[in-house]
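Okay, so subunit A shows up in both of these, paired with subunit B first and subunit C after.
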Partner chain A sequence: MIQYEIRKNAYYDSVTLMLISKEIKNIEGVGDAIVGMGTDLNKELTVNIGLKHTLLDAISPNDFYIAAEVDSDESMKEVIESVERLLTAKKTAAGSDYRPATLNSAVEHFKEANLVIVSIAGQYAEEEVLNALDHDLNVMLFSDNVSIEAELRMKQKAVSKELLMMGPDCGTAIINGIPLAFANVVKKGPIGVVGASGTGTQEVTALIDQLGSGCSQVIGTGGRDLKSEIGGLMMLQSIDALIEDPETKVIVLISKPPAPEVAEKILQKVKLTSKPVVVDFIGGNQETIKNAGAYACLTLEDTARKAVALANGMEPVDFIGFTEDESVIDELVQKSLEGIKPTQTNLRALYTGGTLADEAMKLLGNTFGGIYSNIPLSPEYELQNLNNLKGHVCLDLGEDQFTVGRPHPMIDPSTRTDRFKTDIDETVAVVLMDVVIGYGSHENPALEAAQSVNALRASYDEKFVVVASITGTEGDPQILSVSKATLEQEGILVLPSNAQAVRFVHKLLTALGGMKHA
Partner chain B sequence: MHKINQLFQKDLKVINMGLESFYKDLKEQDVAVIHMNWRPRAGGNPKMIDLLNRLKSNK
Partner chain C sequence: MEAQLLSRDLKAYLESCRKSEGKIHSVFKDALNIQTANGELISILTAGKDIEPMSALISAQPREMKGFYQDDPVELSSKGILFKNNNKWLSIEKSKVWHPEISIQGERHSIEAQKRCVEDIKQKLVEEDLTIGLSPLIHYLTFNEGVQLLNKDSPALNEYCDFIQIRLYQLLKALNDRHYDEALTLMPNFVGFGPGLTPSSDDLLAGILVSLVYEESMKEASLREDQVLVFSKDVYEICVGKTTSVSEQMLKFASRGMVSEGYRNLIRSIFFKDQVPMHLRIETVLKHGASSGSDFLFGVYCMNSIRLNRLKPIEPIPVKECEE
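After this line comes the complex of A and B, so read on.
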């Protein structure tokens, strides 16, 4: 039977509720269940998972509700009690500080505030952000589902007020050494970064830290900043700030290939500074970057290495290999393929970071006859059916089709745990994955990944090779070396960067005989 | 001096509006932060919000 519990005017944030939804589904006697605010999206999801009820229409976005398929009234009682317990636990953990309901009262109470992080539902974001900018507050806008017109209005206001408006959909920033949202604990240092890609920025800054250098500031712009409609407003404004910043000796720019006229504007500005500028327009035109006197990059790791070389007063060189001696790598390739059957030829790359998935496909290129994906490099490799995989596959599990009603897989790795069960079959020889640690991420993503691999090995006769890289630092709460040991204990091969993990996979696939799945 | 550069020279003081986990992460790092008990204006009712906006612009 389907039962509902509705609380009028009770507000909880979406990630908290999605995590609680997941926990109550584990209660005995409970089928599908949803715990959420009465937004249109949640109501639609409720119908889609078969929990439709006449009560649903009366629920407003300001109401909190539980809908569950239960086998008895007792089970529902247990659901309600569990939700109460979980909500109380989360509240207690957060302390009992004063919590203003409006931005105006927050500013009144906390006059020294200089930055607002906004992660409310996208449709309410513009009003709050414009108000924050009116209060001379810098903004990090994490929310997505914000229109490009609203983005332009917010950014124009921020530019006119000389403030930061990072976002929308900005997941990563490190301001004055403080990681915000999804970011790593990176040492303070001479490299200033402006990134239009969250996980791309995390990979570069984490590697800068691992290479012994550090970051002055890491500014996010949101993924659409370098599109024609926005014209790079926030990247241009951020470059100005880094040029003026005495702590910044080297500037790094990271973005997917910008609109050509925006790239030109950015590179014009780059020409004006005497500070060295390292540019990774992931897969974009290298010549235009070099012509502007900047350093063009091949991978995210190459970007970090070039920036660190310049910060150390050295001439940067292209990095296209491995940290380890290549003969050691080749030996490892041969050894790991022992026991793989001739019928096992396919790759499954299961990524939580979109830019890392994109980089993997670009580095593997067309050598192996194309890679199917939900974010393919060319349309003919678009996966039509996510539940029927064939050939080589690379998935970005952070995309919308995987995150309806559940948190991003960096917060809740169960999306990938589930895909492990469905996506690895007897044709698979190699599994590739990222493990992103740091603030914002799950408390132990390496353990979750290791457990997935362990469960798979127990239920599956074929041997397969699992290759991973970790985006993170020793300073992160999950600790890079501890995460690495966790993966290695499960026989997972951990390479020092995404680029090296992909190159290793390239060698594995080549050794397996250059498959043709086109 | 550019206002962003002024920010670079100050301690970060944050207002968090939305996901509570971001507040907890900052608190754990001893950053000065307050978390808002934010909820949609007028209960998220588009008609009411429209009315309130009209009242505001008529002020």
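After this line comes the complex of A and C, so read on.
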């Protein structure tokens, strides 16, 4: 039945009524729906989409109306309540605070601010950042597509003024306990982190929280900071800041392997402090780190565990196994593979976090004949055709080729949902994925992932094993334990870290290899 | 409350009042509208908003705008506005005056520079990758050889774009061909479309109208086309009753080339050299409403693309070879 709610002479802020239309269509019992002002053309569209009603004639251009196809009065009631809730939420989200139109007026009105987050098209970012630095503001630059020359200029200026310029493409920071952009709710504690990797930093800080410790500061540097052109300017600046910070007792550095001369500069600085320093140059040279008196790490989880051990006054040891007893893990491996056919031999790893994908490929190594990827460890394993996958594959769905015209998969999981449909075929035995929760992420990535797996299982004859890890904490809006339960309800095996999930997959593939040759 | 800045037309209106009655028409988080006895809408805007025709910019922050409700009575006079229910007084005595009229003073841009500005608008709209409003249609229209509507199906369009695209194409084609009478006949099928308080098609139309009026105003008197300004005026007449009151007022002013300061700065940036970079002008406009800014920009882009592509390059004069 078609029902209307009409509000005569009703005026609302420029809320995104089109998006509200879409959202109310998701209510159970609602078919098509439209909200808007009663102009002739809006009414014409209403008729066109099949929502004609005699009440339409009574609506004037200055009236607000909701038209919906519903299966009951209760559904319509829910529609009206939802619209009311969404309109109120949009007002609340927009806030009644003054929203300055320019940085200069913002500075004028918020004199106590000392940090600005810049998120505009990359080619215009430098001007705004330099302006912010001129105003003695620290900067978190979320924008990407910023030239490396501009990055150098911005960081040189920041360093000269003893300010932070985190970025470009910096998506993760926790400053004075406040999560910024993509970040998790992490307890305050004695570990200061400097990261040139977004999800790498999230994985480490979330695990630090899970292990009962916390972070003093989490500073992002942007992914190119440790390239030779930039020379590690922000990492060096941040290390200095953490050395000076009385709340920081242990320092953690996370990055992909730096340019050799940059690594040397950083490790020289590390030598100068008496605070213990844990260094994860993901996959980089461990000996040079140890020679500098720092603690080298094998994985992101190992980094977190070593940092927490040091914070607790204990000697750190390498963590290369599982939190569960190995016998339990082996039993789980065998049980998981029951029903898997000998023709199913392949892995599909679908990641939203690039560093986690990178760690997965490094841990799996070449044991299984190489892993094809859009971010391959070596050029011969670069995927030529993303629509025709063969062999073992690990995709970083946050890379540009997947995010043209759509949000990052951490925000919009539909990219991975779509890849589930195309990438899993009858040769696949194991699916591996990350689920990143926290601020900035989708409101319920675990549910989205679980629903995708459910849909896949419904349409697929073969059994396959799904393994996941969750990057997040109990304090996150999505709640770690709730997210874990959601995944497990769908039969997804959840391991406590990306490293453990990958080791588990390693065991699965090894067992499959044994089955194939049996 | 004090008005810091007063639009000249509002100042003139209030100064002509002895005491006249009105009522609050609509209340928003950072603005309110007053409807006068003769149906005019006056906007009271809080700090940080963009001043526009028939408006006053006051010093209050949005959080101070409490206690105002739709239909509350107001009294208008030459000294200010009294809100009778909560006894709040808005004084206009110390306000500076803002002139809403078209401004064509300044160092003019070359045609190439104008084209670059228009291209900047297109690039920004494409970058924004909006899914609301009508600006997603930017992917479906080209102007290099007249107006063309591309036959494609991605990116996917929202239902509003789907519905209006042919009508928009027909309107733009008529404008391109300078068939203003035809464009007028198309108006009833275009105006008042979209979910917002100022429907998307009206914001787009405002962008078209302002661009047209500016183009005409920049021409030497002998080259002006009367029919363009008549068209603009007639468009407004057709819109009356077909859209919301707020949008009607917007179109009334747009048909005379009068828009908010941010919008005007953008238009001027196309025609004149500007110290402020174009991208900042664009970003200021984009902040308007949910899609009002982007729809306005889209209209500006369409109309300026049409007029700039109509301008032919100057042909070199052929030189005859001398005969021996």
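Just so we're on the same page, the second predicted complex is superposed on the first by the 419 of 518 C-alpha atoms of A that agree within 3 Å, B and C clash if a C-alpha of one lies under 4 Å from a C-alpha of the other, contacts with A are read in each partner's own complex, and residues count from 1 in each chain.
One rule holds for everything that comes next: a residue touches a chain if its C-beta (ideal position, glycine included) is under 8 Å from a C-beta of that chain, and two chains touch if they have at least 3 such contacts.
Predicted model only: the values in this text are computed from it and were never measured.
Once chain A of one complex is fitted onto chain A of the other, the partner contacts of A:D240 are limited to subunit B, with no touch recorded for subunit C. Contacts of A:G36 after superposition on the shared chain: subunit C is touched, whereas subunit B is not.
Touch criterion met: A:P61 reaches subunit B and subunit C at once.
In the superposition on chain A, contact of A:Y11 is made with both subunit B and subunit C. Of the two partner chains placed by the overlay, subunit B and subunit C both lie in contact with A:A101.
Of the two partner chains placed around the shared chain by superposition, neither subunit B nor subunit C is touched by A:E443.
In the superposed model, A:L45 makes contact with subunit C only, not with subunit B.
Touch criterion met: A:Y124 reaches subunit B and subunit C at once. Counting the residues of subunit A that each partner touches, subunit B and subunit C differ, and the larger count belongs to B. Shared interface residues of subunit A (contacting subunit B in one complex, subunit C in the other): 9, 11, 13-16, 39, 61-62, 94-95, 97-101, 120-121, 124, 127.
Contact residues on subunit A toward subunit C in their complex (touch as defined above): 9, 11-19, 21, 34-37, 39-42, 45, 48-49, 61-62, 91, 94-101, 105, 120-121, 124, 127, 405.
By the touch rule above, subunit A contacts subunit B in their complex via residues 9, 11, 13-16, 39, 60-62, 90, 93-95, 97-103, 106-107, 109-110, 112-121, 124, 127-128, 132, 136-138, 142-143, 161-164, 175-176, 178-181, 216-217, 237-238, 240-241, 244-245, 247, 411, 439-440, 477. Interface residues of subunit B, counted against subunit A in their complex, comprise 1-5, 7-8, 10-29, 31-32, 34-41, 43-45. Interface residues of subunit C facing subunit A in the complex, by the touch rule stated above, are 25-30, 46-48, 50, 61-63, 65, 70, 124, 127, 129, 132-133, 155, 158-160, 163-164, 188-199, 201, 241-246, 262, 277, 279, 283-284, 287-292.
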